[in-house]
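Multiple structures follow.
Okay, so chain A shows up in both of these, paired with chain B first and chain C after.
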Partner chain A sequence: MAGISLDNLSFKYPGAQDATLSKLNLNIANGEAHALLGASGAGKTTLLNILSGLLRPTGGVLRFDDLDVSNQQGRERNVAQVFQFPVLYESLTVAENLAFPLKTKKLQSKVITQRLDYICSELELDELRSVKPAKLSLFQKQLVAVGKALVRPDVSLVLLDEPLTAVEPRVKWRLRQTLRRVQADLKVTMIYVTHDQTEALTFADRVSVLTAGGILQTGTPEEVYASPEHEFVGHFVGSPGMNFLPANALGVADAERVGFRPEWATLTGNQPSSAQKRGHLHGSVLRIRVQGAKAGKPFGLVTMATSQGEIAIRGYIPDTSITAGDSLGVCVHRCIGYTNELKVSDIEFL
Partner chain B sequence: MSSFKPQNNRAWIGVLPVLLVVAFSAVVPLMTVVNYSVQDILDFNTRFFVGFEWYQETLNDQRFIDAFIRQVGFSLTILVVELPLGIAVAKGIPKESRFTPIILILLALPLLIPWNVVGTIWQIFARPDIGLLGVGINALGISYNYTVEPLHAWLTLVAMDVWHWTSLIALLSFAGLTAIPKPFYQAAELDCANRWQVFRHVELPRLRGVLIIGVLLRLMDSFMIYTEPFVLTGGGPGNSTTMLSQHLATMAVGQFDLGPAAAFSVIYFLFILLFCWLFYTSVVRTDD
Partner chain C sequence: MLELSNICLRSSDSVPFIHTFAAGEISVVLGANQSGKTDLCRLVAGLNTRASGNVCLVGTSLDRVSPRRRPVSMVYQAFVNYPNLTVFDNIASPMRARKQSSQTIVQAVNDLAEKLRISELLGRFPHELSGGQQQRVAIARSLAKQAQVLLMDEPLVNLDFKLREALEVELRDLLRATNTVVIYTSSDPRDAFNLGDQLLLLADGEKVQTGTPLEVYQKPNSMVAMELLADPGINRFSRDGTSCALRPEHIGVQDGKITPAGLMSFDMLVTAYETNGDESFVHGQVEAQEWVMRSRGMLPVHAGQRLTVAAASQDVVHF
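Take a look at the complex of A and B:
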């Protein structure tokens, strides 16, 4: 197990105009579950291939603990990877698959048996030991692939490349729970690459949001959600994403734009607030999606058109008679100010 | 339930052309042969039903048994050579290079040459007096003459078939290899697998499908070999390269023994079926 550090790490494909990754800096602690969240084309796979040793960085240094591994082969790094689809040795049984990375490391058979027993009981694979992968479901196969990645007792880093993509939705959460539990138990450093924010936010200790421009923010899931450092983070994380309006719409002076989460605002009934107060808006309802009720009050997501743009608000719906087209007031409690897409202020309205 | 599946017997009319084609291309000729194989036909009006007499005669015929053993030996030999060689060649072809298409075309060339041309090429190429190969081998101090030595004729025949058909296995294997997703190699690399393990546990299982096709094709095809030994030595020296089909042709066309030849044909046909079935089921069964 190792801490991972990226020091001005860059990569440019031969013949490409622009660098795919430019000057990434990131520190991942030993035993941390880290998620790399980014849209397609953000360079996630390239970064993963650099971490696994398939690609050499064209600039900067990659360190495992204090060791510079930038130019090491994959096999020298003691890294394991779980891919988008289950990658197993099809001619070998589950047990043989799990033992394979241990046997190539020439471990003692006693250690191999012990590790196998541990992984099989942890991932509930005991009954499948003598089964060949062809007989397994996708979920089981991917579970074995995860087991194969975790079986080495001294693995430095486990890379997960959207491991839930191929798994049916019904069992996705189960695999994620299992992963999370084993990670917490073994304290393995894990890097989980995904474009799915739910997976990233529920799996990881810390999340890095990656775009073509580089890493925009690294922080705990709560930090990334509640305090996006960059407009893209606010927009990309959350469903729906952050609402963005020109700063003057909320009466904020020290930023170009303001952003607020749908639940940082409440609807104030169908009397538009008269005076232009800081944090107050009004607009007309476009769509209402009721998602439930609490203490007899309907609760849901309301999309509204304001004079400055479309916004979404999540919370109690003040009046059941509200329909599309009605005029409503909106009271924003908190917003973040952005200039040049970067966070400059965090404002709470009283 | 019947209301969901309306009966429409007119569909049979659509199947009719296929039935006719299959009948005239396979069933009728085959049944003609079966008809010959159970009768002794002297002239247009004189015929005797002989039952399985021709079959018994064929199976007890030492020349048939010899030709059969030669045939099985030949088919197994070329499979043992062509299969590993084809895979090795496929492994040697670069996967992503601008030369790849050229290499593939060059590899495919032998497959485009007609059988009798291949026979003629090797007949001349291996001649000890004027052929490049024959003269070359003799110049090395190894006495080589396929027209006299049965072993030499045999080896020449194997070499000819390997030259002609290894490309087929190589091209099939190459197609199989390029279909393996990169993560499989990547995972093996991270598992510290050596090259043999990558071949044994990543590539070979994924080549299974194409190799089964390749072996079946080569098995059936080599079992029917006729032209090459016929052109090379006429089945000689002696009978040393007389395979089943040539023996059959001698009976049917040379001696005009249509009854025994027909029985021979049916046995021959059943053997090919049996071999392919044995191979296929044994491979499929090891799956479980």
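Take a look at the complex of A and C:
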């Protein structure tokens, strides 16, 4: 296992105008589960290819522990990778697939059996040992692909490239939990690339939000969600993302704009107060999206048009008779102030 | 109005069903993988499928109408466009096939491109577009056909999360403005609420339940129906010999030892905690069953912890 460090790491494709990655700095501890979160085009795949050794950085240094591997061949790095879609040998059984990376390393058969037993029990694959991939569900196939990545005893880094894309939504969490458990048990350094916030925030000890070749924030899932350092992070993490308004809309003076999460505000009924109070807004209802009901009370997402922009509010819908066009008050409990897209203050309204 | 009768989606031994899709609203067909969603679409489109049954559009049977003559257009999960045509020509293709005047075509294409926010891409080729843009082109082309029936077979499933979120809202407003029968298939219960005016639940090729999303949510007719519209699953238990279930969002951590009237409480041994920031999912063991609780925001919960969780008695569904 190894700690990974990126020191002003840059990459520019030959002939390209702009760098795909520019001056990334990041330290990932040995045994850490780290997620790289970003939209397509943010440079996630390029960074993965640099980590695995398929591409060489055009600037800066990549280190595995203290070793500069920037120019090292991929096969010298002991990096294992799990792809979006399970890559297995169709003609081999599960056990043969799992043993394959060990056999190519010419390990002793005793060691191979040991590793195989260990991985099969860790991933609960024992009953599938003699099955061929064609008989497996996508979930099981991807589990075997994960097993293939982890089976080598000398692996220093495991890269996961959106490994849950192909898995059915309702079983995704199981695979994610299995990955998380194995990661913690084996103390493997794992880098998980995804555009999906649930995947990133659930899987990782720490998350880096990547956009247009740069890292905007690295932090624990709680930090990234509750305290976005950059407006883009607030927009990108969360569904829907943060609401942004000019700061004066909430009576905030020390920032250009304010951002608040849909659940940091509540609807306050039909009569907007006439006096402008800090943290209070009013607007008219654009859309109501009921997402369920609890003890008879419907809850969901209400989109509102205010004089300063559109906002979304999540929670109970106070009055079931409200419809599009109704005028409602909004009470914001907490917001973050931003100037030049960067966080400058954190405000709680009483 | 599209009327289906005698429908067998998977094999001849499943119970045939009838169903009517109304025009001007979005019908979400919700089912797990292999439940027959795609077969249903292919049957309506007249394509090869193992499904069988009768399809009738506004009183006229389509059974003997060849696929290319059916007033039906389909958007697939994969981004299907003509690689050799520009975005403009891709969108225009169904109108050209019907020999509409070039003036009409130019206007309609520009109009659709604007609605789907691809106006600046009209001169490009599909390979020069991102996945989300390609799917917008495919959707624009399917709308250009002005078919009476629009089939969308998990069209957003391969898209980036944020893109999907934006396209969902746009699609909903766009589709409701047309007087089309829209059949939108999905395996994600969130689509039912986000897009659906009406729901058709399928399991193993059979019809399970229909109604508005909220009706089906509040009064599921079976465990299967409840499970299909549950995110991420349901929590089963039994009381006095009847099977009961609770939705994940109806359970919360109980403060204090005393359970207030109208609530039921349970002991949960936490096995996993997940969050996307907006919501948290706490997985655990309750009465020897696997449960999951879904709460707003993040919780200070970790695996191995014991929790007392509670739910309102009125939220319990009895079967």
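Everything below uses one rule, namely that the second predicted complex is superposed on the first by the 336 of 350 C-alpha atoms of A that agree within 3 Å, B and C clash if a C-alpha of one lies under 4 Å from a C-alpha of the other, contacts with A are read in each partner's own complex, and residues count from 1 in each chain.
Quick note on the criterion: a residue touches a chain if its C-beta (ideal position, glycine included) is under 8 Å from a C-beta of that chain, and two chains touch if they have at least 3 such contacts.
Predicted model only: the values in this text are computed from it and were never measured.
Undergrad: Identify whether chain B and chain C fit side by side or clash on chain A in the overlaid structures.
TA: Fit.
Undergrad: First (chain B), second (chain C), both or neither: which does A:Ser40 touch?
TA: second
Undergrad: Using the touch definition from the top, say if A:Arg289 reaches chain B (first), chain C (second), both or neither.
TA: Second partner only, chain C.
Undergrad: Taking the superposition as given, does A:Phe236 touch the first partner, chain B, the second, chain C, both, or neither?
TA: second
Undergrad: After the superposition on A, what does A:Trp173 contact: first (chain B), second (chain C), both or neither?
TA: After superposing on A, A:Trp173 lies in contact with chain C but is clear of chain B.
Undergrad: In the three-chain superposition, say which chain, chain B or chain C, touches more residues of chain A.
TA: Per-residue touch count on chain A favours C.
Undergrad: Using the touch definition from the top, say if A:Tyr225 reaches chain B (first), chain C (second), both or neither.
TA: A:Tyr225 contacts chain C only, not chain B.
Undergrad: Rounded to a multiple of 10, tell me what angle the C-alpha centres of chain B and chain C make at the one for chain A, in degrees.
TA: About 70 degrees between chain B and chain C, seen from chain A.
Undergrad: Scan A:Asp196 for contacts with chain B and chain C and give back first, second, both or neither.
TA: second
Undergrad: Could you tell me if A:Gly309 is touching chain B, chain C, both of them or neither one (first, second, both, neither)?
TA: neither
Undergrad: Report, in whole Å, the shortest distance between any C-alpha atom of chain B and any C-alpha atom of chain C after the two complexes are superposed.
TA: Minimum over all C-alpha pairs of chain B and chain C: 5 Å.
Undergrad: Could you give the residue numbers on chain A that contact chain B in one complex and chain C in the other?
TA: None.
Undergrad: What residues of chain C sit close enough to touch chain A in their complex?
TA: Where chain C meets chain A, its residues are 32-33, 130-132, 160-163, 165, 169, 187-188, 190, 193-194, 213-214, 217-218, 232-233, 247, 249-250, 272, 274-278, 281, 283, 296-298, 312, 314-315.
Undergrad: Using the touch definition from the top, list the residues of chain A that touch chain B in their complex.
TA: 52-54, 73-75, 79-81, 83-85, 87, 89-92, 100-101, 104-105, 134, 148
Undergrad: Considering only the defined contacts, which chain A positions touch chain C in the complex?
TA: Contacts found on chain A: 39-41, 168-170, 173, 176-177, 180, 195-198, 201-202, 221-222, 224-226, 236-241, 261-263, 287, 289-296, 298, 300, 314-315.
Undergrad: So in the complex, which bits of chain B are touching chain A?
TA: It is residues 181, 183-184, 186-187, 189-194, 197, 200-202, 204-206, 287 of chain B that touch chain A.
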